[in-house]
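In this document, chain identifiers A, B, C, D, E and F correspond to the written order of the chains, with residue numbering beginning at 1 in each.
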Amino acid sequence: MKLGIMVNEGPYTHQASDSAYHFTKAALAKGHEIYRVFFYHDGVQNGTDFTTPPQDDRNVVKRWSELAGEHGLDLVLCVAAAQRRGLVDEDEQKRHGKTGHNVAPGFRISGLGQLIEAGIQADRLVVFGD
Amino acid sequence: MSEAGATKKFLYINRKAPYGTIYAWESLEVVLIGAAFEQDVSLLFMDDGVYQLVKEMQTKGIGMKNFTATYAALGDYEVNKIYIDKDALTERGLTLDDLQHLVWEDENEDWAEKDSIHLVGRDEIADLLDEQDVIFNF
Amino acid sequence: MLHIVNKSPFTAGALQSCLRIAKAGSTILMIEDGIYGALDGTAVSGQIREALGDITVCALSHDLEARGVNGKVLDGITLVDYDGFVELVTANDGVQSWL
Amino acid sequence: MLHIVNKSPFTAGALQSCLRIAKAGSTILMIEDGIYGALDGTAVSGQIREALGDITVCALSHDLEARGVNGKVLDGITLVDYDGFVELVTANDGVQSWL
Amino acid sequence: MSEAGATKKFLYINRKAPYGTIYAWESLEVVLIGAAFEQDVSLLFMDDGVYQLVKEMQTKGIGMKNFTATYAALGDYEVNKIYIDKDALTERGLTLDDLQHLVWEDENEDWAEKDSIHLVGRDEIADLLDEQDVIFNF
Amino acid sequence: MKLGIMVNEGPYTHQASDSAYHFTKAALAKGHEIYRVFFYHDGVQNGTDFTTPPQDDRNVVKRWSELAGEHGLDLVLCVAAAQRRGLVDEDEQKRHGKTGHNVAPGFRISGLGQLIEAGIQADRLVVFGD
């Protein structure tokens, strides 16, 4: 079955991203297709590669990046939410003259249409949030 | 609705008050973008979500943008099925008169103006959820 | 003591927790979504009206106006602006935010 | 239809909103802090026990274990792991998260 | 307590469940750092905060670090006034037996082991809040 | 009077940072001293200068930076919270090999001891959060 995932909270503060990750991993292991993981609201913070969490804790961002690498997942950060919250890719870095870019490997910034499309294309949409 | 291809029934459920958190506003942004995709769209306001439609908000004092005028434009986007939990209103001492009057124009009836808002109870809400293909939660 | 409540009483337990602990003579300030607790005709109005005997209840006017409900405030509740908020903090010995 | 509840019933209204709307034959899955709704001997246990007549109630075992309360689950509640969570999503026609 | 200079009465109030949000863990980090400042520290667990002290948590399945062993170390940091809302326990069907047994050693009584945990009701909680200089909310 | 402020949520998602800002501004206008504003939990996101919010909305980060500039405010981001959530100053950028740094002017990263110190030194501590 084709599944869409929506993640509405950032890493660490709420468990939403953890739950979404474990759900996604289990779905992939069972042979389901993950059409897209869409990160909205504070969820876009899951895509920042500026995090350096303690060694004895999970690395939420890296874990998503690795899962994307292994399974070719499409991890999309909402552009409007990203602009409000400080997620910047190389294009945005140039346009706004920032000192760097902080979108982690496997994530891309795109529009809300990608969420609607996930709703249309996937057989189920599962929303994780607060 | 879409001329070609299957449309899906999309329901946006809003259960949070405006301004205290951004969910109301960012939900509306999804609805506006989603309108271009010509699906069969409904909005449901439950719990504190009913506060989103209260009229005459003055946000100058808190320094935030008042986004609620946008609700009145939904009819122009063919988003005209707006359901409001009547028990949530009652619990909060609100009536329909406290809310914005949202309308749309029916092109099949010579652009007659019709109400977009429908008051619903628990059974109707349960049926509404049941018949959806996709539910977005805010 | 100043108690600050910033959650709607209809979806969070903060106001109930606060009312349970607030002593006679203390002050409750409702801000952000907490101001929905200050309104007349709601499922919690009776409880607030009762508390008003012992406790000073204030609500932040800016938050009421933003939400379009400034005309619905219960009699006996004091409206304050950000200046008034600051005065409440300095006038009371302690501050407890019911997050 | 699958209803997902991820909030504690003691501090948020999500479980109550869900129970009000969930139809006979539907399934409720409690995850994250929502699993506190699945426990015996609490102020909401009676309500859940009653709902169990019409509704299938599941709770995520990992979240119960993490919180040290896996030994306190009400009779009649089904424990599922992340695999079971996926199965519930695919087996039900729709998914509603009571955020 | 501090030998020189005035100490303040610090109260950390914990009202949220562990793991669903990070507040419990990041609150504990403040308490640990704060212990070095030799103030007069108390902790109060209310509402869902009482869940933080439940014993035998197994976090492997959710892939998070189990931080709750740290509570047992608080006594060594001279953090030994730990108040628990007894009504919150009752509402949740919990008793003291469900919680970690936190103790400290009293150097004034030949390092006798004493209970750190005190069950309190609403009036005692109200008094506890009243006598504080600073309250941290989590 | 000497006031300490604690901000526990990031910009935009919750009103906490807005309320704290308006409170701080009003307190300064009344002649009070703000000993420190301490940003904890997701509150550290208030210090990211990677945000580019829409023109018709307030700029939460910039507003704090400007208030700090005008009044010499001490805006402190908790280092442990910042590491989990992707706030990086120039030192951390070098240490962890990031592409840039995203701590806005007027903010500095420091330890939790700064919060305790605010509790000790200030006459009142006011906590804004979720």
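We take it that a contact is a pair of C-beta atoms (placed from the backbone, for glycine too) under 8 Å apart; a residue touches a chain by one contact, two chains touch by 3 or more.
As the structure is a computational prediction, the values presented were derived from the model and not from experiment.
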item	value
Furthest chain, CA centroid comparison against chain C	A
Most distant chain from chain B by Cα centroid	E
Which of C-F and C-E has more C-beta pairs touching across its chains	C-F
Length of the line joining the C-alpha centres of chain B and chain F, rounded to whole Å	35
Distance from chain E to chain B - Cα centre to Cα centre, in angstrom	44
Centre-to-centre distance between chain C and chain B (centres being mean Cα positions), rounded to whole Å	29
Contacts with two or more other chains, residues of chain A listed in rising order	12-13, 15, 22, 41, 57, 80, 125, 127, 129
Numbers and ranges of chain C residues touching at least 2 other chains	6, 10-11, 13, 32-33, 62, 81, 94-95, 97, 99
Chain E, residues touching no fewer than two other chains	15, 19-22, 47, 62, 64, 134-135, 137
Graph class of chain-chain contacts, one of line, ring, star, complete, other	other
Pairs of chains in contact (touch as defined earlier), listed by label	A-B, A-D, A-E, A-F, B-C, B-D, B-F, C-D, C-E, C-F, D-E, E-F
Residues on chain B engaged by chain F in the complex (per definition of touch)	19-22, 62-65
Complex contact set, residues of chain B against chain D	13, 15, 46-47, 122, 125-126, 129-130, 132-135, 137-138
Chain D-facing residues of chain A, complex	1, 3, 8, 15-16, 19, 22-23, 25-27, 29-30, 32, 123-130
Of chain B, residues touching chain C in the complex	15-21, 47-48, 51, 54-62, 64, 66, 88, 91-93
Complex contact set, residues of chain C against chain F	4, 6, 31-33, 62, 81-83, 85-87, 89-90, 94-95, 97, 99
